[in-house]
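Just so it is clear, A, B and C label the chains in written order, and each chain counts residues from 1 on its own.
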Amino acid sequence: QRERDEFPTLKNFKGLQFKSSDSTIYMNFRFRMQSRIGAYTIDGNSLGIREFDVRVRRLRMRVDGYLTSPKLSYTIQLAFTRSDQDFDDTGVANIVRDAVIFYNFTPNFYVAFGLNKLPGNRQRVNSSSQLQFADRSIVNAAMNIDRDFGIKAYYQNKIADKVVYHLKGAITTGEGRVANNTDDGLAYTVRGELLPLGAFTDEGDYSEGDLIREQKPKLSFGVGYSKNVRTTRSGGQIGFYLDQPVTLQTYFADAIFKYEGWAYQAEYIKRSTNLALTYDDEGDVKYVFNGQGLNQQLSYLFNNNYELAARYSWLSPNQNIQLYQQEAEIVELGVTKYIHQHRIKMQLNANYQIEQGMFALDNEGNRWGGVFQIELGI
Amino acid sequence: QRERDEFPTLKNFKGLQFKSSDSTIYMNFRFRMQSRIGAYTIDGNSLGIREFDVRVRRLRMRVDGYLTSPKLSYTIQLAFTRSDQDFDDTGVANIVRDAVIFYNFTPNFYVAFGLNKLPGNRQRVNSSSQLQFADRSIVNAAMNIDRDFGIKAYYQNKIADKVVYHLKGAITTGEGRVANNTDDGLAYTVRGELLPLGAFTDEGDYSEGDLIREQKPKLSFGVGYSKNVRTTRSGGQIGFYLDQPVTLQTYFADAIFKYEGWAYQAEYIKRSTNLALTYDDEGDVKYVFNGQGLNQQLSYLFNNNYELAARYSWLSPNQNIQLYQQEAEIVELGVTKYIHQHRIKMQLNANYQIEQGMFALDNEGNRWGGVFQIELGI
Amino acid sequence: QRERDEFPTLKNFKGLQFKSSDSTIYMNFRFRMQSRIGAYTIDGNSLGIREFDVRVRRLRMRVDGYLTSPKLSYTIQLAFTRSDQDFDDTGVANIVRDAVIFYNFTPNFYVAFGLNKLPGNRQRVNSSSQLQFADRSIVNAAMNIDRDFGIKAYYQNKIADKVVYHLKGAITTGEGRVANNTDDGLAYTVRGELLPLGAFTDEGDYSEGDLIREQKPKLSFGVGYSKNVRTTRSGGQIGFYLDQPVTLQTYFADAIFKYEGWAYQAEYIKRSTNLALTYDDEGDVKYVFNGQGLNQQLSYLFNNNYELAARYSWLSPNQNIQLYQQEAEIVELGVTKYIHQHRIKMQLNANYQIEQGMFALDNEGNRWGGVFQIELGI
């Protein structure tokens, strides 16, 4: 079982496990860290460095387990780095990332109560420990719906003994990890997935790259919708605080395909808002991202566990905010050496960012970027 | 042994224990989380929601153990949620909750050095994992003396081989968990307890509800006093920062009785201050709570481990601050299902808050409230 | 093996160790806490208390281990107290202290990637769990280069089969633990050590006091240099934020000698800056420490594991900042009872601080200080 963010990792874990003698208490303990050296150039024409991105990006500890029986399970995840704390947006040290209890009514149906990821776009639900590039795409960054506190329900079943489907729903506060309390403007999220060729091996539909080398082609489609009523943050569950509440609607469609070391994934996200610009008492404006974007990734894993991956991302803000944010595209190439699956890996990425659809090196806003990252965890 | 906040949990722990082969190092590791969905109405007449209280209320990790021999023991407790960090009052991420070393000079006498709870009112010293309602009372909230750094001494003995008594004393900084340093205005706390019918089974005098179903009646009386000299915070060890230092005196009296599934507890607290109002340079006022209050709780545990509990709390500010805070009463009913003692439980509470002694639904300030909480821990 | 901050503790650890059955995963888990009661007097003539220093000074958790093989090792250290978070200088809860991966190319050569201590002055690289006084010296406080994110390389070898030497180098961000990103003004550090009488037993050159009671005399000399280009913080990797970037150059020379319970250590540090005073828009000034200092410590360990230690520290700011900071000397005496090596110890220190070289009790700025500290850890 891969690490995934919609259910605790209870199976096939190799590391620190504890089980009481009567099997009523089970825990497994994990940690992981990601450290990186990255840089962006000043513009497309020169390789002068505008800024280094050099830091421990993630350092997390995670406990999964069950109590009394596997029907009652839980996931706790703590995050300690500055960027993981979401400190710069909220001014609060948000250390708790997941704190959620799962109850399996049947093997096919469970509910979650607490704080964990919403069933939004696939790349976001994918654990950051299962990515094939150092970062998720700019499309995800602009429109993902992250984590939220509330109640979630998950159902899966099969059609004709082969086609698998998943149905997921959530009612949550809409203000994300930082919220202590909230008004009655909540967030409502639904998502469905269809796997016409059957389940991926080892839950590979939520892991990037075909590390398993699927022997038969596997495919998953997903669609989702989330409405966040009167949120006070620019991205709904994430982002800076706004001066007026806004209601966001976000539409998701994604797919992932894997076969014999090849993996292809795509996701399209579109967001609308009832209010694109908010103003404070002095007339200073803050904008709410709304628009659309598409991310695509293609990769092949060689037999020596080196993977080559290419990514193309396109993000297009709506007209109403183009004074503040331009259309952007990023083309990226990545080489990953998987030393111990996704748990220990080295990644080297290089990318070129294009503003307003002008590929020319001397277009204003274009730039080169690169990052080297090591992930190490158990 | 129950979890208690005046001594490490060293006995009968079921979970993650580690002991070195020569028995000179012992550790036990625990965590617990409390997640809740609560709400308050706009007023007493309608059920429109003024505010939701929806969050991971507590997420804590705790290590208890001893080193070299059980005479030298310790407790460490870390708290990761925003509300547990005491961030909103102090602007500092106070993650350390307990960090204290205990030395047993004799089986009946030990001293503590470090940060942990003061021997204040019973409900506060009671671990938040051993409560029968989702929150402690408004009386506790207004006048408890929380945790503080310093030296504490604990002595217990018996009279006539049956009557148990406890004597406790502490000299501490008076500024609570956040303090890095302090002036010479310290805090002095004493407390005595008398158990005329002998010790409670399994230390049940610091655990709410009679989960043990005491076969013989058990009773404990406690009285205490704390003087906090020139503190800079509104509640002494807790609360917001004041513009002038104040000296607080707090008096405690409490009792708990348990028998065959019934539990009754009461506590009275009274606080006085040398300065009720402090002003900043611009004349803005902050007030220091002073006044009195009484909390009573009665509960019965059914054989299916469902408990019914009722609570009545009364909090009365002194005349000098009634411009800022009104007399309040809360009547509350609770149902708790204990799945694994206090460690795994589900709680449903409903309450009605009364301002200024006017029970009428249309009295200004009156409101309904309710909360559903799940606690899960090892 | 002692705890040291330039390599994980992999050997001879007694406590919580975990190894997978195929020996590809190894972890050891440790914690420690330091709690203290200290005080400073108002002046040299009276013993009236100006301020108490009463708190949990350090509470840390640490995981060392390796993955796949001992060639790929790591250290993670988290720090939870307010002072360890470096919160008061940065406004950020910096919990991550070490997060670093080591790769041993050969037994004599390894590189580190991530966040840990720079190879600066000996007393700073010495773990705070291996000190013989409650605090490091004022010389260290003024000019150490602390921790930084980047790449470090360590090489050691022998000459004539006896004389040991170490060469260390680092390229790092220069802004310390808090940095998320940085401009191209990096920090460059080199350090060399020579041990003419061979290696210390059990790596005792990075542990204060001769707890091992070296049977033969042991000696280590170290010299180092660090250049921090365009840092934005007053101490380079540490300190408050400046209004203009500065470039710091720091020179280190130190030595440690141990023999039969005696230990002597000395370190000299000198710092220069290209800009001693920075101004904000309103003309308010901040100064950058530059100057020199010398710290010396002498100790003897009695057979009952009581140690007597004396320290003399001298810190002299350059002329350009003497309006803001005076020359200072501290004479300090310490008694330490080692209960379980450095892991469990009690320390009592008393000191006298002298401003501007005037020893007289009535000299302005002179004062007495004392601290009692307990360290407890595994």
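Here is the rule we use: a residue touches a chain if its C-beta (ideal position, glycine included) is under 8 Å from a C-beta of that chain, and two chains touch if they have at least 3 such contacts.
Every value quoted in this text rests on a predicted model; they were computed, and no experiment measured them.
The touch graph of these protein chains is complete, with an edge between every pair of chains.
The rotation that brings the Cα trace of chain A onto that of chain C spans 120°, given to the nearest 5. Under half of the residue numbers at the interface between copies chain A and chain B are found on both sides, making the touching surfaces mostly different. Averaging Cα coordinates per chain places chain A and chain B 39 Å apart.
Among the residues of chain A, those touching two or more other chains are numbered 93, 95.
The residues of chain B lying in touch with chain C in their complex are 18, 20, 25, 27, 63, 67-68, 72, 74, 76, 78, 92-96, 99-101, 113-115, 149-151, 173, 178-184, 186.
By the touch rule above, chain B contacts chain A in their complex via residues 14-16, 31, 33, 35, 37, 49, 51-56, 59, 80-83, 85, 87-88, 93, 95, 339-340, 343-344, 374, 376, 378.
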